[in-house]
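As written, the chains take the letters A, B, C, D, E and F, and residue 1 is the first residue of each chain.
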């Protein structure tokens, strides 16, 4: 099985990290194919970036499809970012977004969960994304750690800021944590140990859910919302 | 006062129609400036188109800002389309989307309202847009008329299909109708007369709401969600 | 255009203040006609006052209608007070309540808004009013400043108490503030400057929304809830 | 124990009928005291009537209190009408409204209930009343029978119209019916037999709930919303 | 009238206390019949205990029915425990659970109520129980006092812990308190006096509601959810 | 990896069928261990059966644990049945219920899903189960096919009845179907083909989700609701 994982921003280093996380989570027989959009923001933090990113990722997916790149499922690795529903229209294979994926697994592990993310300005995006995905009900809080996506390099500061945010989420009633950022893979175990609470990483969750859908021969419904796009003239940025 | 109205698709004829509708609704002293995105779909019907359109409209707005084009408010003339929150981050002037605008006025005219739109596949988009705008609660139904955006040319067929959909919305409990498509200006009066029920046109509503915000010196809050975009590298399609 | 603005209590001085606020917010061609109910409470603080006020305002409106007083729209200037739906049944012209009006504009300015009002005991009234108006979803908090309506004279104390309440609302996640009391006009700008956040005044918002509805030839739906009152014997207090 | 039952309109015949229903439902030792407001509508059908009625009933209650009339609890016998919260502020004894009372008992009898009422125009009022009372969640439908309150005299037509409406409510998923009109006492048993489903009458339910509160020495909380009214000048219609 | 009250655990001393509370709350002519399940947990604290308790109570009820024990209504005296809907299927007489009973009366006494219970781990159970009973909407908080059910013997510690929890509930906006544990009867008055706020005891509330249903000849609907159990082979623990 | 699958009723033939379905869905390396409760109903149809079944399944799980039976995860194969949260308290390994599992995967395949089940009387159970699992929001309908669990043997009748119910669900807006009964495995593909819509089988979904949790080393949170059961005396039916 071959799963395409798309980064939501143009930073190659982050694509590499996502790829590593996806590989670590995948079943033995699964091949991970990570790709970076050709344009868009170098990090997605807020609605402007998110809408820019959504179109760039869709442009990337369209290009891969036209190039007859073969894959069995797609994982959209942008936490809280837009684009999910468009990818479902565009592709015949199942599409799993890391935001919803983490929430789905979190719901199985406790009565209430919460999300720790980078900047406060992205909390609203995440709340809306969980809501439309249909899994917001058991989410008690989405809390920002005051860190920009590209600051995640400083591991020590990142860990400390995330821990503080994680404690706030737990005190709000969360019994399970979701790490709300694609580049945080690895930190999940450490925070889980320190707080003695399960921590779900979106990339890992999405890879496993994508595998499950493929194994069960399930893919996006074409009845209703995600019918194939109508034939029409569309001017795409990448031509 | 100068209000910029952006079409959500690349069809110039539709921009013209929107412009005419905006002008007809505007106060005497208001100047309308209508613009078409430089890329994107020729019509927006579904999530793929909507995300493509959102980035294209944001690209257009960014370009106008960089060119120091002057305007006091922006009306986003794509019914149910994405992008609204991104424009609020990008611009210092107030931004009004025609989806929310129509809903806001509809709430003032009856206890429950409903939306009539073109294709069924866009109903979910509209429902989500009303929800995040905070005005979904009194909406009883969003019903598609089975018409593509670019088929609206055939006035007779359009009117008949919309009337059928409008009756379904009314029977679901709507006391007020919203016309959920940018290019429908003019039809609102006719349907209103035929069904003896108020019909709100989104472009007209948005122009008046934008004027109101400007007159009251109110603009988007920079505290929280719609803070100015962070400085960073963004590769925009239009360069 | 002529807009009738009704105070919700019998205090003439407050009617004058509301009138001044309405005038300051109105378009050049709009005439403001402010009226005080002939009976009811001298200030509306709580449900008992609110129900008394609602009937008194409806009695006033009925009297004006029977006297063939001419006006193009009505603004109900009682924040959180009852009566709105009754006025819509009674009158053929559009009716805008300052509670809902402020909320509608606030929704356009940020992802979440909050309300600062006078006494804590009125918070529940306001929450219910926003809910039935269909705009409660994006409201994060309604906070009382511990001030009686008739104590608003002491400007310094008022400002200080409102600022404290406003900070609580902002800390609860509000990106926009609504001033929840009819006699607070003028304070909106000062609090806005001090907290660097948009502040919406209900009277100003309602006047502009009323103007918009009149300009767009929209008025209350007679289909369903707000059908004309049935002919029957009603004993009105004012005879 | 002495329970005051207030009609919501000025029609004495209806007060008599309500009184009879209340007596039939009361415990042996309970005395029923029925009263008619001194002004207001002859029947309450819609918001205008409801707000007029609310003030008239509060005026009546105030008068009785000032006259030192003694009673242990109050039942407000206007289905869906306003005023409940005001009476709770005004009085030290418990207040039970027939709308909420019927819903509370209905919740104990089935997983979902529905309401059958007179005119369609009152359905919205009832929905809002159930919502603020906190018991709307298990209500699946509120359906009007197309009958005016004062037409209930014609028993045959009333029964037939109510049966039709009751079937619609049941088909919407209601396992229990609430008869949503004060003057329908007696019909509950017949409809219950015909449809083989429990039917709750609001007056009977409210009398029993009022008795229960008195017996358990429970009365309205003065902490928060229903604190005693502030001392101030109030001009009441009845002087 | 004869009301059967079932304890949810196997501790006889608690059954006695519940019986005393039920008797104190019942009308003069009402006979109270208290019963203890023959198996299950000695106290119900959490889901495991609750599901065990539910089956044990249903087993008890089935046994009593087969033994032709006669009673007019059943009160289920396990706060937040499961089983309610099953008892409604099983029995022809009305069934009232103390969780919902307390909430129904609390809704009549203030705009918002809250629940104080024993252990934090049972809060979720109670929230879910209020939700399915249809009375969660006006509940602002369910707070645990950090006490095990069987620790309630130490009256002083119990009172102090409950008072602390009660203050948290009040500060969260509750105007009425519900005591969320079957063995707390008696404490309600003391906490009510100390906090000057109504406190509802579930057993007392349920007894009065059960009496009301019997008096009004109302019982569980057989249409839909609570139809009589299908004839089939069921292996019951008690044989 | 070893997954324990528990039937919710005492019918061995159904356990076999569930076992076969689980095996067909599992990854190559996964071993399926199917077990039948030692007591309880022969089929679970309604709340009485569901509560009986919940305790019986928990009793079974307790026994297996005490016998040191080894397994890495548990799948609860009773659609809409109670017990899930109790199993999470009892066990250290992850627990997945087929109701929630099917819903989680369905959310990934379309904007709205619906459930087709056996008898109408179980619809409420399923709705409540989806609600507490946090995945009810995107469910548009739960529809019964009018078939008892033990009638599923008659394949032709079953298929026809389910198809009729499935069409109703689809017409209510479902873009994805969930088969709401443990013994329906196999039918999912046929209905999917006939309606051209994805159909999710709960057993298959739960097995894959359980595998995912085990692979990602995630298990139930012990912080809060699902803390280990308190040590106490519990009389279990099976001794």
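In this text, a contact is a pair of C-beta atoms (placed from the backbone, for glycine too) under 8 Å apart; a residue touches a chain by one contact, two chains touch by 3 or more.
All values reported here derive from a predicted model rather than from experimental measurement.
Undergrad: Steps needed, at minimum, to get from subunit D to subunit F via touching chains?
TA: The least step count works out to 2.
Undergrad: Along touching chains only, what is the step distance from subunit B to subunit E?
TA: Tracing touching chains, the least step count from subunit B to subunit E comes to 3.
Undergrad: Just give me the whole-number Å value for how far the CA centre of subunit A lies from that of subunit B.
TA: Spacing between the chain centres: roughly 29 Å.
Undergrad: Report, in whole Å, the distance between the mean C-alpha point of subunit B and the mean C-alpha point of subunit F.
TA: Here the centre of subunit F sits 44 Å away from the centre of subunit B.
Undergrad: If a residue has to touch 2 or more other chains to count, which residues of subunit A qualify?
TA: Residues 85, 111-112, 124, 131, 224-226 of subunit A each touch two or more of the other chains.
Undergrad: Which word fits how the chains touch one another: line, ring, star, complete or other?
TA: Drawn as a graph, the chains make one closed cycle, so a ring.
Undergrad: Name the chains in ring order, counting from subunit D in the direction that reaches subunit E next.
TA: D, E, F, A, B, C
Undergrad: Which residues of subunit D touch subunit E in the complex?
TA: My answer: residues 25, 27, 85, 94-96, 100, 104-105, 107-112, 131, 133-138, 170, 173, 175-176, 195-198, 200-201, 204-205, 208-209, 211-213, 215-216, 218-226.
Undergrad: Which bits of subunit B are touching subunit A when the two form their complex?
TA: It is residues 10, 38-43, 45-52, 54-56, 58, 82-83, 85-86, 88-90, 120-121, 124, 128, 131-132, 148, 150, 224-227, 229-230, 232-237 of subunit B that touch subunit A.
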